[in-house]
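Two complexes are shown next, each including chain A; its partner changes from chain B in the first to chain C in the second.
And then the complex of A and B:
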């Protein structure tokens, strides 16, 4: 990724707006940054904050695509700032916007937590096992088939960054819609042999127009998931499963 | 209160989703077959005449017209499915200004092709509410007026061509996008790379759109041409026998 693009001057057009400050209006501010080899959007943002705008707000924690904090709209595509190389863009102009569909904290920082919390409570993202309540802690846990463990792990890779939610026009138009992150959680717990919830139980959660039948298959989730989760496959699977459970 | 809480769970959303998909599938397949049938005019007036005759069961009768009532029955059946599909699909339309603004904003910033396709589907669907209804009603009420001259006269002398032109584009876009979305909605793409499967499916969808639009456009032009040539005798029905005799007499005259 180095070579031809080294030493470009990048122009970052960034949305600046602080809703906490009365009277502040959203505006685009342009910053110039000298491109370095291997530079990510995250590195460039830090440089801007250190040298040009101490007040610039954006989130990050891990810098390695694991925490899901630095999701933002980069040249029209929701993605993680820490995993997006500036060299990816042929034109040295990069527009950064906060993820839509979430409450804006300020500039590029959004509150994905309020959605994630509500979604977790709605889907009840923990193992449900009525019989297991009398579990004998001295007994060995039941073994799990490695293929099943892999399948659960594959869906557990969701880092809750919110890119799928922002990329979903359905979710944006209809606030009550569960969204792809929720479907990934349902798929994850539905496949887990330790979770005893039946298809009928799941129908209570997603068997309606705010659930899987509200999904219009626009596939913004699938096409913008930084972790390449199998959204299409799992949503189609859930849709068929829920049709079978409808009665 | 208990009843209210329990009544929240309903199988209706599931049935609505399935019905929307099944009626869409039936209509898309019907429209593709329909296009192949009307495009028989590309093979000549006789070909279209015989295709029409086949659907009127003309081969069972001695008189020229067969049973056009069959066309009415098919049209009414299609109309029923069409209305059902439209009614259910309405649930998904961006119905408020707020929703419309959001989808337009999403299209402008994200430039995500499947999202854009959905919007085109909503627009073409809306167009078909009106234009499709006019066409189906005319077919149901005048089932005998289908034929190489009768149909062409409808294009030109009865001024249906603008309606058919818009309808052709709307139907072909809506049907192929809809079929693609049906696959994405219900089929769990397996294999090592489900994303690639979807990409290939989209290429197929685009190829089908181009194919059906091309066949449709050629058919449209052919009916227009016949309609223009036949403008002075509008209302006269085509019959293969008269054509042969007129060709023969013309040849005799040439000699």
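And then the complex of A and C:
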């Protein structure tokens, strides 16, 4: 509830573009909003829509930094708009662009859903275990080492917001590049003892230039991940694993 | 007219919808899921604290089983629930937790040996058994006699939703995203699917199916401040209401969660208190033991929320520009515990409040949180009036929660309902013919098309303004404590808004992706729902669970042991029609009694004593029977065969 900057007038410079409207061209539009204590970009954008521009498009669902809907480029950095307080910016100017690398629906709204579904199908983001399918649900569950459960959870925290994909230089150059979101999924399932896929199975998925060998390790992903996933260590780990699998 | 066909149409891609879809897909049926947003972003992802299932693997869960879970659920509901449904649920919940384990949920596991926990503001050491090492653990939650809430740190809903959605992807289930069902297609006795608006192109599409399941979640956003996601606007409930045929149940049963942050209303999980967090007032004084010496901070939610409100009314709240609040103190849990098990809470405090909960108190107050009411169904999940229409999850009133839901019972319900209702949906699809009258379908699509054209064409009322006024009325007059006079004002005010909403329009005239048009379609529906809540609350002259009437403080089993049903019989009506469905004491397994927390202030039902005696006699007549046989003799219930099995627990086997 930082109220340090009460009373400022904020200038929002927002990319407006409706690809479905014949003749419309991308352009920047500026809106002025009076800053209120505790104001987030979620609050500001809704106010703009209600009072200034009924056509303005953006996506929020949880408004609590949990669901990954609201990724956008905020003053140059991909981040979750719902949990970004306007007070965080010393200058009262906030530029908002839609996340690049995803299909644009309109203004700040992009289609992450079609992307993540395709990513899930490519990585096959589910437990692969033929025997598991026969489990009797009435019986005691299979045991798991408590530390392993914690370790899986750490990697399972990805909210598929797409910030890492938007910040990735390789992705910009290679459209087919799997990207950090996909790598984090691979890392998550590879560490899970319930998933019986072997290194050579994983090699099929990421053992190439569209996979982990294409990564330039510039860590745009880790720097921009709102959930602080351990990209650097995990990508390095996957690369070692794949080099091993290639031998 | 674009038409899409399916056997099983599921409206909603949260936990309940996806699990139902998996059930019908597994039975070989062509299954399509509709969702406003990518499925993994559904509100279910926001559940933090956990999922109840009586696995009894932690030492503090020892002795837990279906009977205890059932009893807690019935008490929690203030005897308003359908006890057969609560039984179906309690028996299936352990299987649901275990199934999710095989699907990838990284449940927090039991670790052998001693560990420190905080119970009643004191650090105590509990020692987990060697034998239980690696089994699924559980934490304490409000209103439960055992530690029964299975969890993954405080990201339980997220890990569950990801596991279930990934499973749906494995099965190749189509999820049609950014689609909104805006009307059900029916002929007065059978439902044939839905009219769906594509939120990108604006196109109307007829989704025609043998069975339609609504799994659209709650209606929390009828209130100005809610812990719910911004899309929890009750649209599935509303389109069922607008059939004029299907009834809603107990719409006035709305839960307020004790600890949402001020001012924005984002939740801090009940796990904070379950793990030992305390509520404190402006003097830093822990007040709950004064009101609830037994369960203290961990009485059921309706009770804690009311006690907090009472305490603030005594002038003990902390003043702020956004009104009074109280403090949630989790500092005593320590940095390590908070960073590991309450990490989302920590992030929320940092980002939205700029505080560190390891060192500072969190400003909280009771906030709208859960919708117990919803589409009234049979225990199979099917509407009692429209065949082929089913409901599962928070949207439904089958009715597991009565007038108050226990923490951790909702995500458990979504999965369990998906498992059970999914089987009944599949049975229905297998029985039903494919004979779907295209003229009926066409008429519904044309009606919706015309309504949208009218909204765009006319000049009139502003959707945002109507919505704001509705949300304000609900906040001020249909809240935690309710009064006849306020409720009457609410009904009158909402009725005025309803009349105005018939003239709703938009400034932005685009037919395709147009957020204002989305509002203009939804707001009149939301106002109708708000009226079912307000009218139900006004008519119910007693207090039960979350419905607390200051002018009728007692729970009145004699006159009100029933379920409110509401209909919108005619489009031109400006109020819902209410009827009541009695709960039959003589067939209850647990006749009405006291909850053991909250004020015991009741008027008894005339049958209660008789039933208590009868149950005693049944028990005495079978001295050698086990608990399952006794249960069956007292209150038999149905379940799909695959979920009837007994549940194994460590140390006690299948007993």
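Here, the second predicted complex is superposed on the first by the 242 of 247 C-alpha atoms of A that agree within 3 Å, B and C clash if a C-alpha of one lies under 4 Å from a C-alpha of the other, contacts with A are read in each partner's own complex, and residues count from 1 in each chain.
Just so it is clear, contacts are C-beta pairs under 8 Å (C-beta built on N, C-alpha and C of every residue); 3 or more make two chains touch, one makes a residue touch a chain.
Since this is a predicted model, take the numbers as computed values, not measurements.
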Chain C versus chain B on the shared chain A, clash or fit after superposition: fit
Spatial angle chain C-chain A-chain B, Cα centroids [nearest 10 degrees]: 160
Residue contacts on chain A - larger count, chain B or chain C: C
Touched partner set for A:50, first chain B, second chain C, both or neither: second
Partner chain in contact with A:16 - chain B first, chain C second, else both or neither: neither
First, second, both or neither for A:8, with chain B first and chain C second: neither
Touching partner for A:122 - first (chain B), second (chain C), both, neither: neither
Chain C versus chain B - closest C-alpha approach in the superposed model, Å: 12
Chain A residues within the chain B interface of the complex: 73, 76-78, 97, 100, 167, 169, 172-174, 203-204, 207-209, 211, 213, 215-220, 222-224, 228, 230, 232-234, 236-237, 239-240, 242-243, 246-247
Of all residues in chain B, those that touch chain A in their complex: 8-11, 13-18, 91-92, 94, 99, 102-103, 105-107, 109-112, 114-115, 118, 181, 184-190, 194-195, 198
Chain A partner contacts - residues on chain C that touch it in the complex: 37-38, 40-43, 45-46, 55, 95, 97-99, 101-104, 106-111, 133-137, 152-153, 155, 158-159, 162, 166-167, 169-170, 175, 177-178, 200-201, 229-231, 263-264, 266-267, 321, 340, 344, 347-348, 351-354, 464, 506-508, 510, 512-516, 645-650, 654
Chain A to chain C touching residues, read off their complex: 1-2, 18, 20-21, 37-38, 40, 49-50, 54-57, 59-69, 83, 85, 105-106, 109, 111-114, 116-117, 120-121, 124-127, 129, 132-133, 135, 137-146, 149-150, 152-153, 156-157, 159-160, 189, 192, 194-195
